[in-house]
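The first chain written gets the first letter, and so on, giving A, B and C; residue counts start at 1 in each chain.
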């Protein structure tokens, strides 16, 4: 019955649009807390689901669900101070859309039905579009238009792909519920040709949402125009949801004996994404866009790791967790800079270490984290992915991968150093405060803790996913 | 009968590709929505209450709510015509014909015969889908792009009809709802674009880019 | 025998049918209109005159209109009116007929050029361009017919035992072929909205401008030619459209006549409710015609066999 909480959260979101702003805020906060409780309850008892023909708690789903839940709580905490400073004229749209967005993402992480997951992912697009649109400036209009159009069109292709998966069952005269679980059971009976076509469409479709190049073009615009908390949620949670759908379909293909085909595609798309991100990260004028390209890079790494399989797939899941934590902390910190300097341009920002010492420390720490330095988890995950790649004998791919990572690091280092140490005369507008720093500290701290300490339940989850991968990849 | 409906659907695609008046494209897409949504009557083997209900809701959304909404959006916009399409009308129509030929080839290659023997369903779906994408790419006005998206959804709907009768209805309502909300959101953004830029030309949206 | 009688009556009645069209236009304009036999009066009047030829013209000008008339008459021999066997028929005759029509058109064009008038040259170039586009559409129609019947003979397409007809319900793309044939008819016979036969403003004219130098009997023959050409296209369309009542049924002839008159009426209605296109819109119109025919052909090729 735990999943019924989802309906309450969804209704909360709708209710916010019709109540006073103050009550809306309470609803906003309470949804986050309710969501956390729901997640914990689901982790403790994953069988307790009412709509069990549509929803199911899978290990990978629960990992993503707990990321969403935790991130949302941190973002709520940040939003308290954020909403005070920014004085939105249409605050209901912000809080309401955030809650609707949360419920849509939760539905993605729980849904087992192949069509329902499409409905949920499209719902995430629709509920997050108002967040990007919130300032109603020319640029945000442009970003919203691109976001809605590109993502809707892309996801429509994924629907076609899902139909093809169903068709590959129909054509063989099998009739079973359209769930990932059932498909996994009968995977080797499905029609191979159609399944391949289906995977291409699904990869392109959900890949658009996940930010895989060359379908990534909406991502830098949307992430840079959305308000800080929203971009943190977009980057940290939404991209994972799209990845989940690809991951589940990939599993069906591997079970159907088409693993070579799907994994090769994932590797190719992963490498292209990292390459595109590396190219564009070298020349950027906007620090939020820079972070957005970093998201594209990391999504590429995750797709790559999943495609390589084995140890690398384990690394990919680890990477997903740590990327969410670190990237959302970076996006929240970048909002502090935006408050202080009033500009997203790197040239108009500088001397962070003197003017905003705490945010700058967070920024540097986040930068080291995202670039793969110890003690942050991304070091571990990238290490595992490279090890996995070498183990599979893909030496040339591994070399390209490492080189691209170095280029990305170079690009980021150039701009981060400029932001923090460049000369800047003039004062900052809105100083940093404790409420807008604590969530980032917590996020980074969690990343470190997860690297050094092993928690049984998390490890068992990841290794459960890994068992899948290892069995599948042999 | 189903063949006639499909032929008309594809014909609407060609008309949309060749038409420059934005208002007439809205009428065309409304008619196409109508054709597409009544099609299950003619190809489903058994018509149950839930099928009828689903057809009615599809009809309501695809051929009434969305076109009427777009019509009101159009009323507030001063631009009535696509002035300079990226690919001209005659060229678009010829391309549409080529798309039809290619999709028939693809259809012959896949050869679906599942629960009914309408071989035209698959090519018609592919044609509508591809032409929708083509409209999005080849036209500059935002409203034509929305219509391209709608056409694409119609194509996917046609392809979805190939599936045998799974009990999908609740989820298909979800798909429809997503479509409706999506188009409404696009309409709102479009209205704001018109207010801010005094035009709905998407080539004006170029301030955000790299390199 | 039946075919011969039908053929002769139709040829004799052709000017009358055209007059029906004029009557419809008058009705839409709210006028009483000219008498139904007006075309016969005009022809008689013209034939009684003597021929005047411009001194700048050559022999070609004097035979051109005759050849045109002859080609049109010959092509009419191949049509199986009302599903009865035609007077002439062989495999491949449809191509023959098409080229006969082109030959006629060629002589119209060349006599127009022969006068050395720049106006007529203008008309000739426009006519050549538009009929080139219309012809490609007509070829598409023929390709679609070929896919039904695998023969290149008008008789085998339309004769009662082997029918390409709209009323056979499996032929669902045929209405589209009908529409594009109607549009081809409008183009080939210089009707509104492609060309306005009533206009005398040289800059917009296409067909009328080419016959400016003809007078007397020559003009009469050109008029007869235009009635017969319209008859050819309308009958072709009628053969596709008219409802049949089984083999050798006398009602077939009645329904053929009624459909034929309906087509003339619909041309009249089209002319009344539509304005002439701007000249630069005409190619677009023809492209639409061509695409319709192509679309129908594709669908027939893909599915309708």
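General observations
Definition applied: a contact is a pair of C-beta atoms (placed from the backbone, for glycine too) under 8 Å apart; a residue touches a chain by one contact, two chains touch by 3 or more.
This is a predicted model, so every value here is computed, not measured.
Looking at B-C and A-B, the interface holding more C-beta pairs in contact is that of A-B. Distance from each chain's C-alpha mean to the overall C-alpha mean is smallest for B. Separating the centre of subunit A from that of subunit C, both taken as means of CA atoms, is a distance of 67 Å.
Mean C-alpha position of subunit B lies 38 Å from that of subunit C.
Spacing of subunit A relative to subunit B, judged by their CA centroids, is 30 angstrom. The touching residues of subunit B, counted against subunit C in their complex, run 3-4, 7, 10-11, 14, 18, 89-90, 93-94, 96-97, 100-101, 104, 107-108, 119-120, 123.
Touching subunit B in their complex are the following residues of subunit A: 54, 113, 115-116, 118-119, 122-123, 125-126, 129-130, 133, 136, 138-139, 141-146, 148-149, 152-153, 156, 159-160, 163, 166-167, 170-171, 175, 178, 193-194, 220-221, 224-225, 280, 283-284, 289. For subunit B in complex with subunit A, the touching residues are 110, 112, 114, 129, 133, 136, 142, 145, 149, 152-153, 156, 159-160, 162-164, 166, 168, 171-172, 174-175, 177-178, 181-182, 185-186, 189-190, 192-193, 196-197, 202, 205-208, 210-211.
Per the touch definition, subunit C reaches subunit B in the complex via residues 172-173, 176, 283-284, 287-288, 291, 294-295, 298-299, 301-303.
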